[in-house]
Amino acid sequence: MNELAKELAARYGARDWHDRRGDLSSTVVDPIRLHDTLAWLKDSAGYAHLSFATAVDNIERGVFTLTYTVRNHEQGHSLMVHADVDRANPVVDSIHLLWGQGWTYQREMKEWFGIDFPGSPRVDEEFVLEGWEGPPMMRRDFDSLAYSDATYEGRPGRVTHDPATRMQERLYPEAGK
Amino acid sequence: MNTASFQETLDFAIGRERAAVEFYRELTGKAAFAAQKSALAEFMAMEEGHVAMLTGMKSRGAVNLSPGAAVDLGLARRLAAEEEPTAAMDFQDILVAAIKKEERSGDLYRSLVAAALDPDVKAIFERLEAEESRHKRYFEELYETQVARDN
Amino acid sequence: MDIKDFIAPFAVWKRAFEKPFTVKKPIDERPGAPRYRGFHINDADKCVGCGTCEAICMNRAIDLVPVEGRDAKEGDSGLRPRVDYGRCCWCALCVDICPSGSLNMSNEYVWIDSDPDVFRYTPGVEPKPWDGSALGYRRAEGYRLLDGTRVPMPELDHHEAVKSFLELVRGWSREQAEKEADRCVSCGLCIASCPAHMEIPGYIKAVRDGDLETGLRLLYQTNPFPEACGRICTHRCEEACSIGTDGDPVAIRWLKRYIADQVELADYSKALPRKEASSGKRVAIVGAGPGGLSAAYYLALLGHEVTVHEKDEAAGGMLRYGIPEYRLPYPALDKDIGYIESLGVKIERGAPVGEGRSLASLRERFDAVFLSTGLPAAYGLDVPGEKHPRVLDGVAVLAAATRGQVLGLGARVAVVGGGNVAMDAARTALRNGASVDILYRRREEDMPADPDEIREAKAEGARLVEKAIPLEVKDAGGKARFVWNEATMVQKEAGKRPVPEPIPGAIHEEIYDSVISAIGQGPELSYIAEADGVEIRRFKPVVDRDGLATAAGKAPVFAGGDLVNDRKDAISAIADGHRAASAIDRLLSGKGA
Amino acid sequence: MRRQNEHVIPPETRATPDLSSGKYLVMWQGPQHPGITGNMSLRLVADGDTVVDCETHVGYLHRGFEKLMERRLWMQNFPLVCRIAVPEPDFNEYCYAAALEELAGVTVPEKAVWLRTLSLEMIRLASFLMWIGGQAGAFGHGTIAQWSVTMRDYVLDLFEELSGGRIYHMYIIPGGVRGDVPDGFLDHVLETMQVIKKNLDDIELVMFHNAVFKMRAVGLGYIPPDWVDKYGITGPNARSAGVARDLRKDLGYLAYPQLDFKLITGGRSDAFERAELRLAEMYQSIDLIRQIVARMPKDGPFRERLPNPLHWKIPAGETYVAAECTRGEYGFYVVSDGGDKPRRVAVRGPSYTHAVSVMERLVRGVNIADVAGLMVSLHTYPPEIER
């Protein structure tokens, strides 16, 4: 795979090649080169199958890390292509013309992370969250538990006790002073 | 039972307890510091309680003491000290003296039981012997929990 | 399309005459499989209410609730898990993780009721038809989510150990400590059993996280002797450990030692709290053992000026003079004491309180006094011949060893007693080349010594003579002829421990170069005069919960440690010292008791 | 009327019917419709009884698994993942466990490898049995569904015996499996396989030699081979198009390299052939199960001890682990930031493309009555789309 790594580096400035397993590697490109990298992988390098595309919110670094996993069936090898996009302005080139299912992934990422893919069909339509008014739910700063506590009521009568606190109350209450 | 012999028997027992009070009073005289005195004072007060109890029985004309002897923990038999505690006496010394004293009383009543001809007097002595065994047991238990903790 | 395509479908009609797949309605009995994950069952007597089931439940279906007739006690919170079937997903991770193995599942899955609130109950407490079900999900043989086996502690080989006073227990590496810390489920059942109520789950977490400064800070919150306690603590916490209900308890003591060992003394001040501004108050402490120095540490931290009066030439009390260095090396103890002194605590060594330096004079010069003089005096054997010159006092033998004196115990040594002093005296004698018999009045399982100590003493070659009632010591040409009566254990009273009863005629004797008596120790109280007005009962100052003694007159007198408590171990003394320090601070700063 | 073997390729671009013209009917099929697999709906635009446009709508069963998993300990997610694809929970369990084991550097014992393979083949068979009932039912053959769902229940009985649960087995746990087989279990497996095989013979006879089924399924939903990469099509849908891919062969995971089986492919690529191919794979599963029972090690540990699940941290890293489920490539993308909870878990289910992009295009030009049969012929499970 080193040939491919070199080729991707030369053509698209790909870096940080990492072999995860014999049949799975990853590399990183700039988001601006993402579309072209994937197009070349698909059309010229045999990585014709898109397994999935998704994003990871690396909030600490202020980026969304996109992951496109493509597979070369002839060589039995999968490649995860990563690109970091600015979390404050997450806009990425659409791949809907490369793969027929690409728009669905992009619609999902728009709804779940707030990443935009201009030109992608129906990208602004609701995907799975009908009527959702909160922030994009897969962002790390969306606290689903706090949302749930604020939105729904717990079952009445549920109360639990911490064993250590209970033992302190019952066995040595004076230490609570 | 003959009233005179009842009175006589109890007077004898009361005398024994008074002697015990004196025993502790004497030891207190030798004591050098507060801890010794407090322990001796506690045991002396117990003996004074016995005096009062027996005196009460005497005036009521009936002995109500349990006939059941306490379990013998077997300490008295083997404890060494026959010698009198000194000014440096520690808790062990005081307890050993107390146990030995109770053992001596028990032994005395046992011989009195054997010697008594009047069955009523015999019964009183039996009860007094049992009572002393309970006193001894009390001190033996203290010895076990406070002194011979590691043995 | 051929003719078969029109005829073949009619083959379904043959089924009309076959037994249907369906079962009759109303439902035939259809029990769940033997492994079925049905309604929970809990052996409420085996359960210790540790809440690990609640912690693993990803649905928050379990609450820990108090149940009637089951109060908290050592090693049991008294709480029991309550399952909300509105949330339970029947994954049985609670069963897989349950430390005691009390929680299981029945194979019952039918429960019909029109009231939705009934589907929430405390298994094993609220009776259900499936209680005691023999079938249902159980952890498979050989399958556990928790590790019931303790990380082995490297120790010197016993043949090697007995040749020197090198520390026997070598301590853990980071990897070993983190692995052991991983076994903890953070239930906190241990905290109540620790006399000092140390924040045990917190410092174990610190080990896991590799954050030893936090660990050290948590240790010092309640215990300024982590090096010492990390080695010789009686670790009652480990008896309460929930992991110990079905496996080896977490080695809490060794983890404490690991933290203290890893942080250099020079780095302590970075991790630990600074002293408060000076209060201008002065406190005197009598005895520089764990109790006294613990009080000194917390008082100094609160800004009070502390002077410790120690009769011996070095500080540490029984930690130094009673515990041999192969269990607690002096540098480790010196590290604990060194940090306390670094806060400005003044220790006057070789300065006994008594004549010339009376308690009354301390109460004149200081604003409060804390007595922690311990139990320095060994009780005698109290058998005829106990004054024989070869009958030695166990505490004195250990102290002499600490001082590096020639012990001259001889080749054959008897140790009488079954406590830690006896074990330590025996092992010290072994290290001096003697062959050692340990004679104990009861059985091995009755011995008050730490089981580790008994095991190690035996492994190092001590011979244990059980049920040996000392009768007499006779002279045998300068040596001691020790006579004992073999006993049989007799259960004389129900509910009490059996009593050793001498077997008539079963008299044994043996000639020893030395007989070391270690049957128990008592206090040295001659320094408290009647005029001090300190109330004493049965050779113990009478104190309240805070350690405040009843005393007339000037500065208040507190007491703690072995001198007053019944547990008679270092950690209890440390707890007493801490408690007294807080109470003294409240008194001196006028915050009220 | 469609004729056999006439491959109509639906247009790539959507029609733009003028809905105000009064010529078209807009109708919703689903989410409550017996012809829809799971909770999903199709917004169909029909010209007469011919569909000219379709929009898929999902989200009726969205439970936010990927978000929930970021808030739960690694081990707490083990009972959660099985719910992502209800009829085939075990593929979730396997992919999640294998991803964690890979990131944590854990090797599972041999016995667990075989028991995992057994679980996956048993659930493949159960899932296909449920599917074939749906496929027959979509064309009006309810009897087949009654048989096959019963057969599926027999497999679920086996799961109940093995794992204690019928639907959610929670058996493949990170580190291995939760228990060895109970006494007599393997005999029950073989007996059940015998019963199911006999039933499959009956199904083969009455369903595949059936004029109605042939007339409606042959030629329906033709997938050209070049769509396979274009749309990310996998599993029987791809194999029927003649593309010989099967991750059991290609990735060689678990015990599959040691099992003797041939890749089954087709070429006619219509609803009928996809059904035939799946039937053949059901027979193949029965054969694989028999092989596994015969060759599985009798003894040995079935789980590698992992750290305390309450504190388990997995070294930072990412991986993608896939397996061949009944419908194709099923995979888990797992990212760890070194903490005690996942940073990100993304689930790749084959229906993501089969039920959305592929379905929307294939349905163009199809008779409304065939929409259900077409959809089932793609074998889709909506929950794996929305997670």
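Residue numbering begins at 1 within each chain, and the chains themselves are lettered A, B, C and D in the order written.
Criterion: contacts are C-beta pairs under 8 Å (C-beta built on N, C-alpha and C of every residue); 3 or more make two chains touch, one makes a residue touch a chain.
This structure is a prediction, so every number in the text was calculated from the model and none was measured.
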Check A-D against A-C and say which one is joined by more contacting C-beta pairs.
A-D
Intercentroid distance (Cα basis), chain B paired with chain A, Å
88
Measuring from the mean C-alpha position of chain A to the mean C-alpha position of chain D, what distance in angstrom results?
23
Take the average of all CA coordinates in chain B, do the same for chain D, and state the distance between these two points in whole angstrom.
91
Can you compute the centre-to-centre distance for chain A and chain C, using the mean CA position of each chain? Integer Å is fine.
49
Contacts with two or more other chains occur in chain A at residues none
Okay, what are all the chain pairs that touch?
A-C, A-D, B-C, C-D
Chain A-facing residues of chain C, complex
49-51, 54, 62-66, 71-74, 77-79, 84, 86, 117, 120, 187-189, 191-192, 197, 201, 545
Touch list for chain D against partner chain C, complex
72-73, 75-80, 143, 146-147, 150, 157, 160-165, 168, 170, 178-180, 182, 202, 205-206, 209-212, 214-215, 301-303, 305-311
Can you check the complex and tell me which residues of chain A touch chain D?
20-21, 23-24, 26, 42, 48-52, 54, 56-57, 67, 69, 73, 76, 78, 80, 99-101, 103-105, 126-130, 137-138, 140, 142, 144-145
Given the complex with chain C, which residues does chain B contribute to the contact?
32-35, 37-39, 42, 71, 73-74, 78-81, 88, 90-92, 96, 142, 146-151
Show which residues of chain C lie in contact with chain D when the two form their complex.
1, 4-6, 8-9, 11-12, 15, 21, 32-37, 52, 55-56, 58, 89-93, 96-97, 105, 136-137, 140, 142-147, 182-186, 208
